[in-house]
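All chains are identified by letter, namely A, B, C, D and E, in their written order; residue positions are counted from 1 within each chain.
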């Protein structure tokens, strides 16, 4: 007979799921979240860590507004290039200490050790008083706002010493690559606190950590502890295959795993609702322009976009959660209205599924159709291989389907699954013809990040780290719309500065250029398919049309926000 | 052992062959310093007590085990330093019939396969039909008739004697020049046995096949080896050696005498008169692990003389032109005889 | 002495005749034979006679078995039955080829090592131990990174070349004691040559053991192939039973009743193949071991 | 000390050294052990280089997995990866290799790259016992039942048990274990509610602390049930089938008939005469399988969240956690080689007909 | 000649019209042994001689119900009588009883003793297993008792217990294994002992020793013995009765003197005349002309007719029954299955030892 677990207490319980490692492999060093940190920090690499150490605020992606948590308010001073956070007073750590601006310093100095992107904008950070934190920027950028407000705040009691060392290092002008920096980094690696010191409404029940589940219990002194309605949060350990049966047996109320359509269907049969929030990214077809001369002509790539029924592709891959990309702007269709004027949006080619248009474009690019197959400009039949990371079910389905569609169109494409570890390396090194990789970015609302992924990650700028050129798409190029452009400059400019209008102009420019050049052909945008169970332990989740469901699930998770706000209630309160 | 027939090389010659088996409880000297040779058309009968090392010596002669001491020569060449080719021809020339026909036939091969495989392999039979016919002829030679009845049978469907005959037929298949037959007629009824011996005798006379013939049946040894020689073994050594008629009709070594005294006759009245135990002092066979000192036969020997026999071990020595005996007492009396003969001259 | 008469059937004719008689020796053995022939036949001929087009249909994703789709449809709305008919070739080929390679290597090396002993044996054991302990996932991942593992022959070779050591060891063990038998000695005395002695006299005595291991190796090879797909080491191109299992696994088909036929049918085919082969051994066993014959 | 005694001493020491050398050369067991060590060295070296030939290194793999899994931006992921500083891909290969070998000799397998502060030995100690416990136990059960069934099948050749078990056995063998595991969960837990999967998954109940008590052991057994059932069901058929063919062969031997004639009990004949001789050829197979017990079963462990060594190895390969991969593979190598070694030695004891003392040259 | 047991004693074993058949494939089967009828009395020793392949082993196996898979007893009864007077039909014995019956009551020394031993067990293990399988009140139980008992028996067959008991079967010579099996057969002092060519690999001295031991033990324990042998001399020595078999049937039976001095079947006579003598000069020996018949194609009438010098037309049509020649009690009747038994003249050209 099994040993009885310590008897469950009355009061609401919420059951979630997230993969983690049991101690000692898993650790309690949660510095840097969510923009850096050690691997295997238990739950802190995901949405549930927020319940233990809160950020200053959460972002409503649809409303573009912040929901303040630890912060009282914030202020961006363009002239002084400062970003000031006013911290709520009376906050307490679970070890009894007060949460002050000192902890903010600790948090961000630790991010210095972790080399987060924030620090490329930082001149200095200060804490003028206990509730004020001031960050002075060297080159101002709006993205700084998110880096600061979304960072989870950690305790000085635990990390203070590290932060002091980081401060000293920074002030002495040395960076993390210096020998001192290296020592600091490895010291930081060895810093493995016994427990989390929490500022949020929950903390782990450390005795309960097993390799299958962990329980979060109320941290009475934490922020929002009085608001949250659940006494306990149980988080089941596991990746998709392990968690699926738990969902099926209704032991899980909400899961953010990427479930395949078959599972999704069965969840619905079991009575789950499926929450579909955009993930702001998805798979795209990459061309190896170094190898495939014929695709250097944008028309050939555009033809591919026309030749593919992207909605079918999305449906085959992810069912209702795979939505064909409509505007081909390089970032999510859902964000388009925020950044592009209606007029500019009108300029975008939607590359509707149109084989004739595709054929026309190909002919213009010098291709010829012979019988059912297309001949490349050099007269040879067009035959390609599309490689994809095989273990990703949706991408693999997308690749197979795209290959089938293109083959039907007359370009023979063979899908070829490769190890998911090998796939990006292969691409960066240029060992591919066509490939499936991601477009867009899902933890940051700013399109800048999407463009970085689209244009830099598997392209010359970053692929050179692997000694290759990736898709080898030249970023200095010419467009019909703007003539000569340097996409590197445009994208960088889109993410810089504090002037939103200027940023929008650059985003628009990048989007139009992307739309015309199609360096990669985005297929569909992935939407979450989070099963949510109402009525058993949780009374009700947000309605499908609630704007909070525009939040990216892994960045500003709606359910976590609702939990913190007390909007999520136990079924039988 | 002097070679009688100097003009022809013996087919096989064992010189001082010894075989010691290693075991956890100590070494077992199963064969010790055994020498003999067999020439073409010759028969050498090996007789002796069970467990005295007949099979072991024969296996050494057939090149199945490498003896731990001594040499085995085939036509004057040491078989263990032969080239591969020479060894192959040795293999073909010397055939060995195992003592136990229950173990020496492959259980999953039918008799046709068993007999015809060597025929096919060595090109003696050209095709399937030829092989079939030749196999049938071989079986008929060993009185397995009608051969067709047996060719398609499997060993487990045969009786002991039938298997034994299959083993002999198989050995004959390669037209060997020397046949080592280890109790190869023991499971045959006398009639068939005689038929088979006659058949083998014909082969010996007509084709000059040499035989190393192991048997415990002195009558068989006599019948088959009349023109050949007989070696009597006891506890791993040859104790008496000479032409078969001499050895059987005029045994010299006390052990040989005991053996002959014990031979039963198919005559109930006569049999009752036999001396139990062949007139030996004891019927205990000493352990190979713990051999008696001096002459290993002394604890049982009716001629035992304390001091003489339990001291040093006797050597196999000529007692006449053709006979060799390993016995102190016999040697002494021979010496006395020859010295008296010497004075007489 | 009787002359061979007309009554004598020539061995060859009797062998052929006998063979057919042997095949029907055991009822379940015969059924097994039919099953195996059907599956192998379907896999070999299926792709030649069946129209290979199997279009995606987004309206029929994970459809239940119906008149139009006997075994339902997959995650892309493609007909499952068609995939079963078309997708056996590679899998069956790799299964048999790899099992044959495994068995042949194991039998050859195992029996020769035991037969010769000495240095050859020592070296072979060493190699066996190394091959046995070499971590296959890692090796395959490395191979996958440097070679394209997409030809079925290559896959069969690879799987076969990695899976022989266990069988080799048990073959070797048996030969060690079989070679001490007298009938082996007898064969050696007849100078049948090492090859015949080992493979003609010794090995057939373990034939049914080898056979069972061969059959087990067939399924093992098939699942090794599926494993390669699952681990992303063998490229997914086209569709075959292995890819179907992989696909079903990746897409969680076993969690969804409507999708079950999709994962169960390739598994069922493999199960049937194995079952057929095992049933077939009843006949083969009797052919190989005359003592078992009772008809 | 006089010169004479010194030389005498040297002579004796030389002599004893010579004796040792000769002993090594002559002793089958010692030679066999030396060979085993050589194999371990060979495989350990192979593993070292193969692991480094795997595409991607821990840092890149970490970055890519974060991007792919959570859609993080490259920069964020790279920043996180920077924390994996304990690994320096720049160290020369030979240096790493020497360190690795020296470490092995010292029993130090290094530190995990991905779990900071956790040594490989610690990691293995954390996961291996579960695998050993569940798979080991299951294997013992499976082999015992399989051999037993195999014998029954051979005895009742053509009977209902024979047909039944060989059908069931081959069906079960032909269903891959991971699929079988999922079936157990889906059918047993989700659809029929026969098993309380949520409680049975994992290797122990949360909050139950390891101790040597009935409570703890029965808890461990309870949690091991599912992986064990899957292991047993998917392997027992194989053993039965192999054993059957081996037994059939032995049943035809004369000594079995003689044993029956001697009026020995059926049990005795089955165990000592048929069973023991039939098992002989399987000894090698069983031993090797036993060696692979430490390898665990990746997908079964995953399905049941049974945190054994198999899934750990799989994860560390996926994450390219070099020291952990090396460490686990080394342990597997050593056990397999050891199992083979034992099998060889045991075999020569079990089958007296084989001369192990034979010269090997 | 040894005196047989009182004629009024009941037989230990009686076979009635026993038939043993082997299936040979294609649904056919051959009767390897046919119409066997005999009674075996306590303390009696029956020698079974005959042609190689005539069914002696088969008969022995049949009596103990040890036939291989394809062998069966389609007809006939074998009645066995326990020491306490109970009788059973061996052919109908249940599994458990059969097990207890074997070796305790009836033991057999097999032809081809080479494979009679489990290769992985030492001789001592074989011995102790046999003893333990048939526990009795006063049977040896402890290791030393078992060792002593086995050693005693091994010594009686002239084996050196220290060497043999600790050996594995393959370490013994052929004759040694045969003797071990003989020793083992005596372990439980059975009432019936079937010895199938037990001395094929034994030298004369050893044979004699064993013959003596058997005779001694037979006097002591009053067991009956069936002794299958080609060694007629040995049969002459060991047996009270002899039965000659030919092509699956008993064709002549009688006491030793009947058979050796006055055989009435031409086959028996031929057989005795083929025995080579050990003394004197080389004799001319002739085997019985012709070849033994195949089991599946037995000649019409008397199976021996193609080889018989006394053959008359009737021999081709009638298969002769055993015809009583001299009626005697306790199975000692001399009978021959030959139509012309009266005409058979036997004379052995023995050159007796001077």
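Everything that follows uses one rule, which is that contacts are C-beta pairs under 8 Å (C-beta built on N, C-alpha and C of every residue); 3 or more make two chains touch, one makes a residue touch a chain.
Note that the coordinates shown come from a computational prediction; the quantities given were computed from them, not determined experimentally.
Chains that touch both chain A and chain E are the following: C, D. Comparing chain pairs D-E and A-D, the larger number of C-beta contacts belongs to A-D.
Between chain A and chain D the centroid-to-centroid distance comes to 40 Å (mean Cα coordinates, whole Å). Chain C and chain D have centres, each the mean of its CA atoms, that are 24 Å apart. Put simply, the C-alpha centre of chain B and that of chain E have 27 angstrom between them.
In terms of their C-alpha centroids, the spacing between chain C and chain E amounts to 51 Å.
Residues of chain D in contact with two or more other chains: 54-55, 182, 186, 190, 252, 254, 280, 351, 353. Looking at chain C, residues 141, 145, 177, 180, 205, 255, 289, 291-292 sit in touch with two or more other chains. In chain B, the residues that touch at least two other chains are 100, 102-103, 107, 140, 145-146, 156.
Note for the complex: chain E touches chain D at residues 64, 66, 68, 99-104, 107-108, 110, 112, 115-121, 129-130, 133-134, 168, 170, 181, 184. Across the complex, chain C is touched by residues 240-241, 244-245, 248, 259-263, 265-266, 312, 315-316, 319, 387, 389-391, 393, 396-397, 400-401, 404-405, 414-420, 422 of chain A. Residues of chain B that touch chain C in their complex: 62, 64, 88, 91-92, 94-96, 98, 100, 103-110, 112, 117-118, 121-122, 128-129, 131-133, 136-137, 140, 145-148, 152, 154, 156, 167, 170-171, 173-174.
Put simply, chain C touches chain E in their complex at residues 177, 180, 291-295.
Across the complex, chain E meets chain B through its residues 1, 22, 24, 49-53, 55-58, 68, 111-112, 114-115, 155, 158-160, 162-163, 166-167, 171-176, 178-179, 197, 200-209, 212, 230-237, 256-257, 260-261, 270-272, 274-283, 285-288, 291-292, 294-297, 348, 350, 352.
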